[in-house]
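The next part holds the structures, each set out as structure tokens.
Same chain, two partners: chain A is paired with chain B first, then with chain C.
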Partner chain A sequence: MADVAQSGSGTTDLAEAQTTFRRSHGSDLAARGEPFLWGMGGALAFGMTMIVGFVAMVLYFGLTTFWPKPIEVVTLMDGKVIAGEPLRQERYRPTADQLAAENETVRQAIAADLGFATRTLYHLGNYDFYGDDFRWVPDFQAKQTERPAGLVLVERQEWGAFIGHISAITVKGSKIEGDALTPEVLAAAHVEARARRERLHDIENGRIADVNHEMEALRLQARRAVLDYGTGTPGQIAAQAEVDRRTAELQAGYTTLAAEAQIIKAEEAANTVTFREIGGATKVYPLSAIVRYFESNDLGLGGSLAVYGARWWEYLTAEPREANTEGGVAPAIFGTVVMTLVMSLLVAPFGVITALYLREYAKQGRIVSIVRISVNNLAGVPSIVYGVFGLGFFAYILGGSIDALFFPERLPSPTFGTGGLLWSALTLALLTVPVVIVATEEALSAVPRSMREGSLACGASKWQTIRYIVLPRAAPGIMTGLILAMARGAGEVAPLMLVGVVKLAPQLPFDLNWPFAHLERSFMHLGFHIFDVGFQSRNSEAGRPMVFVTTLVLIVIVLLLNVSAIAIRNRLKRRFQGSQF
Partner chain B sequence: MKKIAALVGIIAVAGFASVAQATDLDPRYQAYKPTSGVSGSLKSIGSDTLNNVMTLWAEDFRKVYPSVQIEIEGKGSSTAPPALIAGTSQFGPMSRPMKAAEADAFEAKFGYKPTAVRVAVDTLAVFVNKDNPLQCLSLTQLDAVFSKTLISGAPASIVTWGQLGLTGEFADKPISLFGRNSASGTYGYFKEVALSGGDYKDTVKEQPGSSAVVQGIAADKYAMGYSGIGYKTADVRPIAVAGRDGKCVEPTQATAYAGTYPITRFIYMYLNKNPSEALSPLQTEFLKFVLSRDGQADIAKDGYFPMPFIFAGEDLSLVGAN
Partner chain C sequence: MSVTAAAAVEKSAPPVFLPPVYHDRQSASGVQLEIKDFCLWYGQSQALHDININVQKGMVTALIGPSGCGKSTLLRSLNRMNDLIDNLRTTGQVTLEGEPLFGNKVDVIALRKRMGMVFQKPNPFPMTIAENVVYPLKVDGVTDKALLQEAVEKSLRGAALWDEVKDRLNQSALGLSGGQQQRLCIARAIAGNPDVLLMDEPCSALDPIATLKIEELIDELKGNYTIVIVTHNMQQAGRVSDNTAFMYLGHLIEYGATDVLFTTPKAAKTEEYITGRFG
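Here is the complex of A and B:
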């Protein structure tokens, strides 16, 4: 109620002021505030345009990347035929040398166009055939361009996409080609091959990996016994015997599994597919190397949607392959989310406790001011400096000592003594703690003095007052600080590159092997993935769209984290809405 | 002379339309044969040029030995020796040979030299934008373009395309230079071969990755830069380079193997091998895998050239893996 009354009186004041100014003739425009209003409006509009433009660009490129494109077959002037997906066109000015190689008609046409010509970039795929997968084709070199039915785009486990025809398959050693190779036969064989690969993956990455994990644990146990008892002592010999017995058991299990895998591999070898590119060259691959295939030019809307959905699903749930340029980013998504959550768990208590002490207990004076200034300045330290600190202090000093104390059997390979999820989370917690401290202090100071005094007057102690009156009412403000910290932490990459993010982490930081959470492990991160695919991958042309897709995913994840935090904050706020005086 | 240049131009434009050849792999390379009982973890710290290849190897190696953990960090070749010395990594991939100082630091700690295994052949290409008509440069010209010290004996620094003989719109345009950052082995190797050890000009835009160099050249019509031939895209074109004998040589697999293309190098995998002890089974198997048909196919997949077969055998016996 009070708010409404206030703003009402404000408007009246302004109206009065304006009438006054209108009366005085030579009044300066600036005094009425108009230029500032325009300036502020303009600044807001500029900022909004930038943000909207950026988001629109990421959305456009991110969302369109996976949509299947048509395949064009281009017959060139010299009689060669190429097939590929047209990606983009550009106008350019052919150089004198290029023009000299063309005939008179082409030269005249270009001259009539003020020296400009158009060219199209085609994605040819077939890197294993050509050693090149993108190509610019000037329009004047294309004799004929068509989109024939029946051309297949194959996404493969290796070597990137294939564009051409599937000319034959071999199922269990017998070759099927020509008319016998109907879409149904192909689909059935492909489904079977994929199921086989799935089984193989399950045996190799699931059951064999478990056996190997146990064997590694036993090896460490034996090593530990040597360190604990010394070589040749009865304790060590007993431990070694036990380890040997268990290892032999596991080895037997491994042999059975390996034989099983070998049988499946032999089956794989008997099921092949022959690819024939548009020029007629062929290559044979295992049938299971096909991730998916479709005839781009006959998809229709439903088919396109199915491919689009399948590609997104793969991207979000699968592991990366081909050095991160294909497949999915599931480990990176997982790494980003887990790292951000662990960071929030670490930063919240640190920040809140510090702010509580500074605001409620510490005697306000010179020292507290200095501490505050220092905290605020911490927010301005470049993030890479935190990375260096994290590597030097957390990984090398702290982690090195932990290794020497608790994991001597694993040395010289470091356990905690190298970058990992825990050190990354701690480093980012350090980076974001000023945000939380400042926000918490603001929230604490916003709790009305009358409420503290009321509580104290009722006989509550200082701590009881803080615990039951101040903290609950400051909680929404504290959450705001945490949200800002999370947003900053989730998007930070530079320090992480030093303290634990890797291009390819073989294992997730959580799995079914005891103790389930492996915070010492390196992990993958979407931000680093963007940097890596954008600047390090062999094929920058193929990498570029993936950069946008990954950026989109990262933005959506940060948004989701924030939205959930905001939802929690709003619940906290609602709890006290009814209890205002 | 002019006629010949025009002829070369025409042939090159015709070549522009021809389809590049896929890399050949020596058929004598055998497929990798798995053994049992290989597990444990490997960490590789080193060259970012080799980052992708290392990742491909790791992916394929883990298909054979799923429990093996391989972590890859690629921040530049200069990060490999310190990591090997500190014992934080088992492999140090490098896109240049170790410097004497680095090898000495290693020896001071362990008492023996680090072992180098040659794993691939890389050709550093000089790239220009796809619309640039330039065909060939000599090493001396490259020095005049990229360096400020002019050790190779070029009469003057070259700053515009006109000084390289281009006419028309290129004649008075300055050359926009792209290169790698100083932690990179590519930076060091190009400096050594093309610049005869001289210093780069301050105007060279240093990029964080080889792919970034190519993207820079793709976006800038008047740009020139160097990077591995594997990073070539449709937007850039590698030019021929003439060595000391003055013959222009295209960067291809054949010229790289023949040694006629002047900026060709081996890519190394450094490791800590005590001469009196055998290498751990995991490391041995990884090296065997790298120098098998599967490992070398990954090399081709990432745009490098496989090791000539004879050298592969030599290097495997060096680490006792043959």
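Here is the complex of A and C:
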């Protein structure tokens, strides 16, 4: 501007120059930033709507599934009677065949409704009676719908639910029916039958399983002796004799237990229940096959709450039954939590040490940049690829070598040489380690230079500086990375299907047999449970509510894990980050 | 001619530096640090040119000069803090009571234990006050409780902080005020029982009252420790130091007894600077 003023020949030029360079006093919309504000607010609102909608859906279906529903008895036009829980209604377009089967009035009514009719889905239960437990009933076929008292919903060990009446029971061989079958008598007999079943379960799955476990250990011991000493050597013969002696003892114990179980089974057979469905057909089952029963239409609020609570309790603490669509998910909850914790224990030191080296010790240059980019790119590899790698490298190569070295007597059946909890945790640790590395590097570089210099000036070595000053200061940031890794790991399913998750695990990864933690065992996982129940079971209608319940449980577990990690992080933060210097 | 015009002229023609002027005050107990022909490069650019200073034992030596003159760089060379910077190269030598500071065989950690350092901004560690003070002992592996407690009290008394914090030794050091934090850093520096205290503009982040307290503290500490202090504040240099070195563009211009240097400077540049004509 000074040049313009000097070279100008008169006042007019000067004035012109000034107007040219004058700034506008108003500010336009783009400068004020309002459009961006709206854009940002809109993006947030959109995201929030999606999340809130999703959570609300999971909460609604997850929380209402276990609430007992009323039973409706529907008298159909053809005189048949069905009883079931109404699940939902929908409008549909009846096919020509269906219309042809109906009378003129119905056809006209449907035509007047543009070809649409309404139908209701009933959960009938009684799979053993009908061969199907759900049925759509079009409104035009229902002559009469009512909710009579006295109908019983029975949850059973097998065959799903039964809806109808309990017409008779036998206790110790004597039949009780009619007026003699009061609720008190039924309840007492049921409690007794369940206790008996529990005892039987104890013997078969507890004590007999223990005997089997020991026998298997002895068999392996004998096999080991053959491998160590060779067949026919004195050492092997002595070991074999010892094993034979112990096996004989165990066999005697087993015989006693089996006899005990046999007695209980005989008692079981003398205690039965007769179910009569609404159409009058009857079937007889052991009394102990009833998990719980209640009269849906006469529950009242208190009764409903009791059923609701009992169902949740069973869900959270019991083992699954009926191909996972009924019963509980306790093994899956346990598997998910244990796997996530083991994964965190593996990924935390691994990621932190890697990041420490990259950030603090490695000479910053091209190679470190390449390593860093590669680590970041690892986060974009499809997780199923990690599963394949985990199966090939961890299970087959690493696990196979472990088996060959330490468990030769068990071959050809693999111990570590197949999918298991340890390999799953390692695979997921590999999957989530980029998150931890990136977060840790960020946290390390955020530690102020003045802190490091202060420590070095006190005569601390580099390692002492890292150990006493840098790591504690970076701990909250590292925890953030770990939280993200945990959330990612807990929700991952695809790689797990290859490296250790199964539909139904026979044993938990922890038990009372030495060495207590059996990380080589396959396990159950909530994420896989969702996939299995929702898409792999014979009855998708029965599985659907369980998908939501399991999703809810999984979300709550991830939430709890995260909240506890955040609580730890905040404690660290309070301790280490008061100063801005 | 205006100041900026003068600067422009200087930029176009590199200034000619005369050999430094010396009239330093000698200490009875001799020389602690001998800086000899010390040059330093950051990559290609030379930051220090042939610095020769004898730091007298038990005295306070101030380094003054305009921004970018290399006084902090020189100070941070004395405890090898500059090692953290890549592409750094030095020639010449510095000796601490005859032992060289630079060279492959020098144990840098042992060296830093003999050189306490106080930084421009207080940098207490995120620990308790007591833990902060005994940090130098912690890295030495001292675990004796009684010894540590004694060191805490001695160092805090030495830094004139004991009376203010004796009731909250186990509280976080981050709760202290800026001046207290800086005195805590001094306490931490003297807890390791060093020979020399290096202070890099220790009062520049503090208010006048806190500054006064630090200056009084420096007065008390001298004699027991040899102190080298970098300061922007010429009054401060005049108040606390025995000897002053004036540096300009990486060269030592004048080094001498503070009262002489401030009243009758020998070099023209020094006179211009202390009379406030540039800087």
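To be clear about the criterion, the second predicted complex is superposed on the first by the 544 of 581 C-alpha atoms of A that agree within 3 Å, B and C clash if a C-alpha of one lies under 4 Å from a C-alpha of the other, contacts with A are read in each partner's own complex, and residues count from 1 in each chain.
Criterion: contacts are C-beta pairs under 8 Å (C-beta built on N, C-alpha and C of every residue); 3 or more make two chains touch, one makes a residue touch a chain.
The structure displayed is predicted, hence computed values, not measured ones.
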Would chain B and chain C fit next to each other on chain A once aligned, or clash? fit
Just to be sure I read the superposition right, which of the two partners does A:Met451 touch: chain B = first, chain C = second, or both, or neither? second
Figure out whether A:Ser461 sits in contact with chain B (first) or chain C (second), or with both, or with neither. second
Pick one for A:His518: touches chain B only (first), chain C only (second), both, or neither. neither
Is A:Ala209 touching the first partner chain B, the second partner chain C, both, or neither of them? first
According to the contact criterion defined above, which of chain B and chain C contacts more residues of chain A? B
Across all Cα pairs of chain B and chain C, what is the smallest distance in the superposition, given in whole Å? 53
Residues of chain A defined as touching chain C within the complex: 448, 450-461, 464, 468-469, 472-473, 575-579, 581
Touching chain A in the complex, chain B uses residues 6, 9-10, 12-14, 17, 19-23, 36-37, 39-41, 43, 48, 51-53, 55-56, 58-59, 62-63, 65-75, 87-88, 90, 130-133, 167-169, 207-212, 214-215, 218, 230-235, 301-303
Which residues, counting only chain A, touch chain B once they are in their complex? 76, 78, 80, 82, 92-93, 95-98, 100-101, 121, 127-132, 134-136, 141, 158-159, 204-205, 208-209, 211-213, 215-216, 251, 254-255, 258, 279, 321-324, 412-414, 417-418, 497, 502-507, 522, 531-532, 534-541, 543
Given the complex, residues on chain C that touch chain A span 79, 81, 84, 109-110, 112-113, 115-117, 119, 121-126, 135-136, 138-140, 172, 174-175, 181, 185, 188-189, 192
